[in-house]
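These notes are about the structure you will find just below.
In this document, chain identifiers A, B, C and D correspond to the written order of the chains, with residue numbering beginning at 1 in each.
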Amino acid sequence: MLDLVLTLQCPDRPGIVHAITGAIVEAGGNITELQQFSSPDSGEFFTRIQLDAPDAERLRDAVAAATAGFGATFEVHGSREPVRTLLLASKAAHAVNDLLFRWRGGELPIDVRGIMANHDVLADLAGFYDVPFTHRAVTPETKADFEAEVRRVVEEQDIELVVLARYMQILSPELCAFLAGRAINIHHSFLPGFKGANPYRQAHTRGVKLIGATAHFVTSDLDEGPIIEQNVVRVDHTMSVAKLVRKGQNQESQTLAEAVRLFAEHRVLADANRTVIFR
Amino acid sequence: MLDLVLTLQCPDRPGIVHAITGAIVEAGGNITELQQFSSPDSGEFFTRIQLDAPDAERLRDAVAAATAGFGATFEVHGSREPVRTLLLASKAAHAVNDLLFRWRGGELPIDVRGIMANHDVLADLAGFYDVPFTHRAVTPETKADFEAEVRRVVEEQDIELVVLARYMQILSPELCAFLAGRAINIHHSFLPGFKGANPYRQAHTRGVKLIGATAHFVTSDLDEGPIIEQNVVRVDHTMSVAKLVRKGQNQESQTLAEAVRLFAEHRVLADANRTVIFR
Amino acid sequence: MLDLVLTLQCPDRPGIVHAITGAIVEAGGNITELQQFSSPDSGEFFTRIQLDAPDAERLRDAVAAATAGFGATFEVHGSREPVRTLLLASKAAHAVNDLLFRWRGGELPIDVRGIMANHDVLADLAGFYDVPFTHRAVTPETKADFEAEVRRVVEEQDIELVVLARYMQILSPELCAFLAGRAINIHHSFLPGFKGANPYRQAHTRGVKLIGATAHFVTSDLDEGPIIEQNVVRVDHTMSVAKLVRKGQNQESQTLAEAVRLFAEHRVLADANRTVIFR
Amino acid sequence: MLDLVLTLQCPDRPGIVHAITGAIVEAGGNITELQQFSSPDSGEFFTRIQLDAPDAERLRDAVAAATAGFGATFEVHGSREPVRTLLLASKAAHAVNDLLFRWRGGELPIDVRGIMANHDVLADLAGFYDVPFTHRAVTPETKADFEAEVRRVVEEQDIELVVLARYMQILSPELCAFLAGRAINIHHSFLPGFKGANPYRQAHTRGVKLIGATAHFVTSDLDEGPIIEQNVVRVDHTMSVAKLVRKGQNQESQTLAEAVRLFAEHRVLADANRTVIFR
C-alpha cells in the first residue's frame, strides 16, 4: 500500500465529498485524514485527503472519472516523495541555514537541488550540506541573465518549489508569472504593517510592541501575494534596530520553514488572493 | 434547510466516510465542513460534519442505517441550539463573570439554566444576568445533599453540560460517574505540572517562567481527566504569589470559556483518556 | 511608611541616578524597585522608582533640589492611590465590561468616575457597577457639546485618565490636545496594519493569519499615537468576518486593560512618539 | 571608555543603590542601563548595571570600597568579552547546530572552546564550525574518566559556562558541585510537568495541548535546578510522538539559546532555588 495525498478543488456542489470518497473506495483506498472547506466568499470547495491505496494511477483515474462533472482540478502525490526545491539567496545565512538543517534532519519533505545567489558568502554553508551552489552578481545589466538561469534550472530539474530565502531582489513580472503558485518569499515584517525596505527601522521608529514575519506566495504585486504563515514576537523600547533585526530573523527562519513544510506536505491551496491551509 | 452538526465515532474501517457521506446525500444534505481523525493509538475513527439538511430525523435514520455495520455511535444537533448548562461556583467571580458575559454577547452557544454555589457572594452577579442562583454551605455533613440537588437539577432540566467554574470542591466518585463526559473543570495550573492545592504558590516556590490553566473533563481521578484546552502566560521573578494569581485568573477564564465553546459546538470527542478536538 | 512611585525624565547626563538615589536616602526612603532607560534616539533619561518613604512632600522637595540642575520633570504618586478615570463608550460592551470587572476585582488601580456614551445600551451595565452613566447622541451638530461636556467632567472631577473603550468617534484636534498624554484608545487592529474603519473586513480580505489589537495614546493624527500595548491571535481561512470580530474583541479587551493597568501604575513614559514601558 | 557590566547581590538594606551609584560616579562611570530587584522571599538585593567607564579595575576597587559594609558579592565584566564555553553533546544535532550558528552569526557573546560528546555523529558539524571535538563512549566504566576530562578542560581553558546540549547523561554529584552555577541543561519538557525519560511519550499519553522545554542550572537534584527559561508550543490530537519530538526540538533549541544568551550577557543571578533574570 502507498501513502498518498489527494488535493482537489472545484466549485462547491452537494455530493462532491461522496463522489470523491466513492472513487477512493473503488480504487481500494482507505482514508486516514480528510479535511475540506467550502469558501463562502468564492463558492469554491477544497479538500485534502491522505489515504493508503495500492496504486496512484488507479486512484487518479477513479477520481478523474468520479469528479468529471464537477469541474475539479486535483493532484495526487506520494506523501513521502520529497518536493524538488530551489533556493534563491543573497548574503544572509539564517533562513538558508535553517532550511538546510531541517531538511537534513528529516523535518522538511523537500529535496534541495540547488542554491542560486547574488553573492558568494553562502558557498561554504552550501558545501557543508552538499548542495550545488552558483552565484552571480545581480545588476540591472545581469538581472535578465540571472532570471533566465533560474528558469532554465526550474525547467531542467523539474523544480516544484522555489524559495526566496532572503533573496533581497525583486523578481521581474515575467518570472513571477512563470513561478506563480510555486514560489514562496519571506517578508521580514508582519504584513501589511511595514511593506518595502527596512521594516525593522520602520518598526523601531513607530515604537511597536510586536514585530513579525510573513511567508507568502510571490506575485508581481510586491509584498501582496497570498499569505501562508505569519508569526510575531514581543519587543520593547530598549531594543535597538540591530536587536529587532536579530529577534526578527528568528521569526523569519521559523515562519519560512513552516510555510515550506506546509507547501511540501501539500497543505496549501489557493483561494483567489487568500490561502486555504489544511494543517 | 437546517444547519446541523453530526458527530460520530466507531472502530476505523475502510469505507466509513463514504458510507456516512452517502447517508447525507440520501437525506438531502449538503456538507459545509467535515473533519475526521483515525487514532493510531486506539484504532478508533472520529468525525464531525456540519451540514445543511431539510430534516434532522431523516438524517438520523439515514446515518443509523448506513453505519449499522460499523458499530458507530453518533449524535445530531442543531448547530444553533444552545446547550443547557449548569454552573457550579464558589466565591471567585472571574470565571463565572466571563462565561455569563460571553454567553449574553452571543459568543457561547449555551443556555445557562442556573448557578449553584457553596457561598452567596455571586448572587448579585447572577441577578444581573437573570440567572437562577442557589447557594448552600458545603460541609462534610451537607455535601451529599448538595450533590443530590445538583443531580436533581441536571435531571429535571435535562442539563447537557455542568461547568465547575472554580467550584473548589471535590465531587464524589458517584457524581463524577453520573456526569461523565459532560462536566468540565478549570484547573488553575498547567497540568500535569502542579496538581492539587495552591498551584500558584507551588509555581512561585519553583520559580517557573510560565504559568497556565487547564480545562479538562471531570473524572474521579482528581486533576487527571481528559484535557480539552490549555494556555500559559509568561511570568517573572518580580511577581508575588498574588500577582501570579491575578495573571493566572485571566488564563483560567479564557481557557474555560474556550473549552465550553468547543464542547457546546460539539467539537470535543473522547478517545479513551485523550480528547479529539475538531476546531 | 508610604509606598510611593517616583517617575522622572530629563536629558541624560552622568550622575543622574546617583543624584536621585541620594535624594531618596535624604528623604528617609528605601528603594524597592528601580528601572531606568537612556534613549539613544532622543538622548533622554527615564526612570521609575518604587520606594517606601515617610512623607511624599519631603521626597518631592529632596528630588526637586537634587535634580534642579538636570532639567528634570518628575511626579510622585502613592502607589495605592487609584487613578481618577473617565470612560467614553458607544454600544459595544466587551471593553467596558472587562475594565469594570477588573477594576472591581482590584486588578486595576483606577477609580471609574463615570461613563459617557453616545448610546444608552450600556446603562444597565454601568448601573450594576454603580458608575454614573450619561449618554447623548453624537452628530455633527451635537459633537461640540458632547466634547465640551467631556472637558467639563475632566476638569471638575480632576480626571487623570480618559479611556476610549470602543468609543467609535473621532475626537476633535482641540480635545486631543486637551487630553494629550492622558487619553488611551483601543484600536481594533494590529497597527500599523489596518488603519481606519472595518479592520476585520480588511484582514479577512487580505487573508492574514494573525489579527490583533493596539492600545495607544490619543493624538490628532488618527491611529498614529504612541503605542502602549499590542497583542495578536492566530486566525485561519475558515473564519468569517464575524468570527474575526469575536476573536478580536478578546484581544481588544485584554490589550486595553493591560494598557490601563500600565498607565495607572505609572509605568508608561513618553519618549517623543514612542513609549517607554517599565513593566 | 569601556562598556562594562556590574552584577551585585547582598542582603537588602536602605542606601545600597546610592552607595553603588556613588562608586560608579567616583570611578568616572556613566550608567546606561540599571535593573534591580529586592526579593521579599529571601531578603536579598540584586542589581545589574551596564555602564561606560574608563577602567574596569578602578571600578572594581570603588565598588568594593563602597559596598564593603553591605556584605556584597559582585562581578565586573566587559560587555563584549565572550564567555568561554564548553558544549557537552550526544547524538542529537539540533541544539548544538543552533548554538553554533547563532554564535557565528554574532548573536551569542560566547566563545565555544570545544564540544565533548559520547558519540561521534556531530564531528562533521563541529568541523564545519572549526570547533575542537572529542568523543568517547560513556559507560558505567568510563563515566568517571569522561567527567575527569570535562573537569580538566574546564580548568585548563578557564571555561565559564558548560552547556549540556542534549547530552543525555546524568552528571555525577561531584561534577554537579564542581560546575554549580555555571552549567546549563535543556530539559525537553515543560518542567515540572514531565520529569525523567521520554517526556514526549508521556505528553502524548496524557493528551496535553501544549508541550515545552525548560533550560535550567544543573544541580545534583535531577531536573530540579533553578529555571532560567521556558517555552511552550501548541500541539493537538493528530500528532504522533515523532511529531511532538520534532515540534519540541524547535522549542529546545530556542529555549537553550535564549538561556545561554541571558547567562553570557550576565543577566542571570541566583536567588536560592530561583533565578532573577534582568532582561
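As a convention for this text, a contact is a pair of C-beta atoms (placed from the backbone, for glycine too) under 8 Å apart; a residue touches a chain by one contact, two chains touch by 3 or more.
Each chain and its UniProt protein: A, B, C, D = Formyltetrahydrofolate deformylase.
Everything quoted here is computed from the prediction, not taken from an experiment.
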Of A-C and A-B, the pair with more C-beta contacts is A-C
Averaging C-alpha coordinates per chain, one finds the centres of chain A and chain B separated by a number of Å equal to 37
When centres are defined as mean Cα positions, the distance from chain A to chain C in whole Å is 41
Shared-interface residues of chain D (touching two or more other chains) are 33, 37, 238
Contact graph of the chains (line, ring, star, complete, other): complete
The chain D residues in contact with chain C across the complex are 14-15, 17-18, 21-22, 24-25, 29-38
The answer for chain B against chain D in the complex is residues 37, 39-40, 190-194, 205-210, 212, 226-232, 236-238, 240, 271, 273-277
Counting only contacts in the complex, chain D reaches chain A at residues 33, 93-94, 97, 101, 105, 107, 124, 128, 238, 246, 250, 254
